[in-house]
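After this come two complexes, each holding subunit A, first together with subunit B and then together with subunit C.
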Partner chain A sequence: SVTEIRSGFTAIKANIQARDPIRTLSILSHPHSLHKVKASDRCCITHQLFTFYVDKVFKHCKTEDSYVNRKISSIANSFLSVKRKLRQCHEQNKCMCGQESTEKFKQILANYEGLNVTSAAIKSLGELDILLDWMDKSR
Partner chain B sequence: EDALLPAPQNISILSTNMKHFLAWSPVIVQGETVRYSVEFQGEYEREYANESWIPICECSLITATVCNITEDISATVAYNLRVRADVGARRSEWGTLKGFFNRITTSLTPPLMKVIADGYHLLVELEDMGPAFQFCVLYWKKGQESRMQQKVVKEVSSVVHLDTMEAGPDYCVKAQTYVEAINRSSSFSQTQCVRAQGGRSMWL
Partner chain C sequence: SGELYCSLPNPRNVHFESINMRNVLHWSAPEGTGDGVLYRVKYSVYGVGKWIRKPECKNINRTWCDLSNETSDYEEQYYASVKAFLNGMCSDWMETTRFNPLTDTKIDPPMVSVSSTEKSISIILTAPEKWKRSPEGESVSLLQVYPGLQYNVSVLNKKTKKRWFFSVSNNTLVVPWLEPGTAYCVSAQIHVTTPLLHSGFSEEHCIATLKDKTA
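What follows is the complex of A and B.
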C-alpha cells in the first residue's frame, strides 16, 4: 500500500538523496510540477509513473548498503502490487490518458534520459516523496 | 573429503496477524555448531531484477532455526524464501520454501478486547496490533441485535468510547480486525456484555 511505500522510503530518503549530487535538476517537477496535472489525467499519470519506476528506476538503484537494498526491494514490490491494481483500472477504461498526461510523461522521460542511468535512477528514487505527496493530495 | 553438508529441510512459514516467520529443521553435525543464512526474493526481483536474491542480515550465520522476515515481506506479492547451512568452511546448498509465500495468507485472529462500563459510558480497550490493523467494533443493547451499531477504529488509542448507556439493560460488544493492505478481516471476538450501574464499573 502507499502507506508502506512511504514508510519504506522515509527509512532511506536521507541516504538516497545524499547520493544525488545534481541539485539543480528534477526528474518529476521540471518544468512543471505534478500539481498542474488535471484531475482527469491523474490516474493515467500515476499508472505511467508506477510503470516507469518498476521498469526503469529500481533496477539501477542497487547500493553497497544491504539495509538500503532491502528497503528498495520492499518499495519496488509494493510498487508492483499497486501497479497491478492501476493496470486493472486502465483495462476497464477508468484510467484514460489525455493529451496533457501524455505530454507530461514524455517530459519526465526526457528529464530521465538526459542523465546517465545510475544518476537518473537515484535521483528519481530520491524524488519519490514528490510523487507520494502529490498522490496524497490528489486523493 | 568432507561429506557434503545437507541443506536445511522442512522449511515452512508461520504467519499470524501480519507477523511472518521462516522456520526449518536443524541440520545435525555431531560436535559442531551449524549456522544458517536466509535470503528472500520478491516478485519484483523475479520479474525485473534477474531473479536476484536479497540476504536478511539479521538472519545471516545464526544458530536459531527460525527467522523473523516480517520487515522484508512488506508488499502483497509472492515471495520466494531460502536458507542454507554453514559449518566452518563447509556450506550446504540452499533449501528453498516449497511454493511462494504471499502475506495475503496470514492468519488473522480476533482482537483481544476488554469492555468497560464506566458509569454510564460504554468503553472498549483494544489490543494494539500494529499500524497495519484497524478494528470494526459492533455494539448493541442485549435483545436488540437488529439495532446493532458499528464503530471503525483506525488507530488504537488507550480506550475507545462507544456509547452512553441507559441504566438497566445490558450492552454487548464484539470486535474484529481489518487489514487494509491485504483487504481481509479476522473473525469476531467473543461477545462481552456490561451494564451501567450508577457511578460504579460493572463487568459481567
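What follows is the complex of A and C.
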C-alpha cells in the first residue's frame, strides 16, 4: 500500500504542488522536522498522521481535474488500509504516544489550522513525499 | 528610486538537473534577447521564509548555476529562481517547481569489477557516491541514502548469447557452473524500490573463464 501511495502521489505531485503558492510555510517539515522524531515515537506519529490525512486532508482536496481526483481517492483508500493496520498496533499497545510525538503532532495541527482549510489540505497533500521519505528512511 | 522597469521577457524552463545529488539549476535565455543578458539566482528552503541570493551566480551570462552546496540536505525541499537583466531592463523572477533531492535526482550506474575462475565469475558492485563539496569531503555512498538500493545484474555468454539476470541487495555476486574458457560480459543497474529510482545499465565488463586444465 505505501508503494501504491508513492506511485499515486508521484503521478500528481507537480499538479498538486503547483496549486500551493505558499513557500514560506510547511505543514510537516517546519519548524520541527519529522526526521528528528525518536524511533520510539515513530509508530505513534505515523498513526496520528495517517488519521490526520484521512480525517482532515483528503476530503478537502477536490480539484477540477478528474484524473487528479481519481488519484487522490486511490491514495486516500490506500491510507485507509494502512491506517487500519496501524490501529491494530495501537490497540495492542505497540504504538505508544510519548511526550515528543504529542508535541510534534500538535505543531502539525497548528501549522494546518494556520491556513484556510482548502489551502491547508492542498499543502498537506503536496507534502506527502515528505511523509513517505521519512517513513522509508525510518523502516 | 532607481527601480528597474521589469519588462524583459522571462528566463524559460527554469529547472534542476540532478545526478547523484549534484543539483544544478538550468534555464533557457529569454525569448528573442540574443547576447548580453545577465542573470541572478536565489533559492529557498521549502517551509522557511526567506530567499537567499547565490553570490557566485550574480550577474552571470551562463544559463546554469550549481546549487549542490545549498541543496545538500536531502531531508529538505527547495525552490530556486532566476531573473534576467539587459540594458537596464529586467525580467520577473522565474521559479522552479518544488525540488526534492531524494526523489528528483538521477543515479549513475554502479561500478562493476569482475574476476573469474574456471567455472565461475565473481562480480563486485559499487554504488556511486553522493555529490560532495570537495574531494577531501566525507564520502557518502548512495547505499546509505537509499537503504532499499538493489543491483540488477546481467550476465551474457558471448558464445551462446544466453543471458541471465540477477537482482541482489549486497554488492557481491558469484555466478557458478559456467563453461571454462568462455567469454562472459557483465553489466549492472541500480534499482531503488522506494522512492522508485533506477540508473541506466553500466558498460559491459567482459572476462573469460579460465581454461579447463584437465581437458
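Just so we're on the same page, the second predicted complex is superposed on the first by the 139 of 139 C-alpha atoms of A that agree within 3 Å, B and C clash if a C-alpha of one lies under 4 Å from a C-alpha of the other, contacts with A are read in each partner's own complex, and residues count from 1 in each chain.
By our rule, a residue touches a chain if its C-beta (ideal position, glycine included) is under 8 Å from a C-beta of that chain, and two chains touch if they have at least 3 such contacts.
All values derive from a computational prediction rather than experimental measurement.
By the touch criterion defined above, A:S73 lies against subunit B but remains apart from subunit C after alignment on the C-alpha atoms of chain A. With both structures placed on the common chain, the touch criterion links A:C97 to neither subunit B nor subunit C. In the superposition on chain A, no contact is made by A:C89 with either subunit B or subunit C. With both structures placed on the common chain, the touch criterion links A:F58 to subunit B but leaves subunit C unconnected. Of the two partner chains placed by the overlay, only subunit B lies in contact with A:S1; subunit C stays clear of it. Of the two partner chains placed by the overlay, neither subunit B nor subunit C lies in contact with A:L115.
Common to the subunit B and subunit C contact sets on subunit A are residues 3. Only residues 2-3, 6-7, 10, 14, 17-18, 23-26, 29-30, 33, 35, 126, 129-130, 132-133, 136-137, 139 of subunit A touch subunit C when the two sit together in their complex. Of all the residues in subunit A, the ones that touch subunit B in their complex are 1, 3-4, 8, 54-55, 58-59, 66-67, 69-70, 73-74, 76-81.
Residue ranges on subunit C touching subunit A, taken from their complex, read 44, 46-50, 75-77, 79, 97-98, 100, 102-103, 147-148, 193-196. By the touch criterion given at the top, residues 40, 42-45, 47-49, 54-57, 71-72, 74-77, 79, 131, 180-181 of subunit B touch subunit A in their complex.
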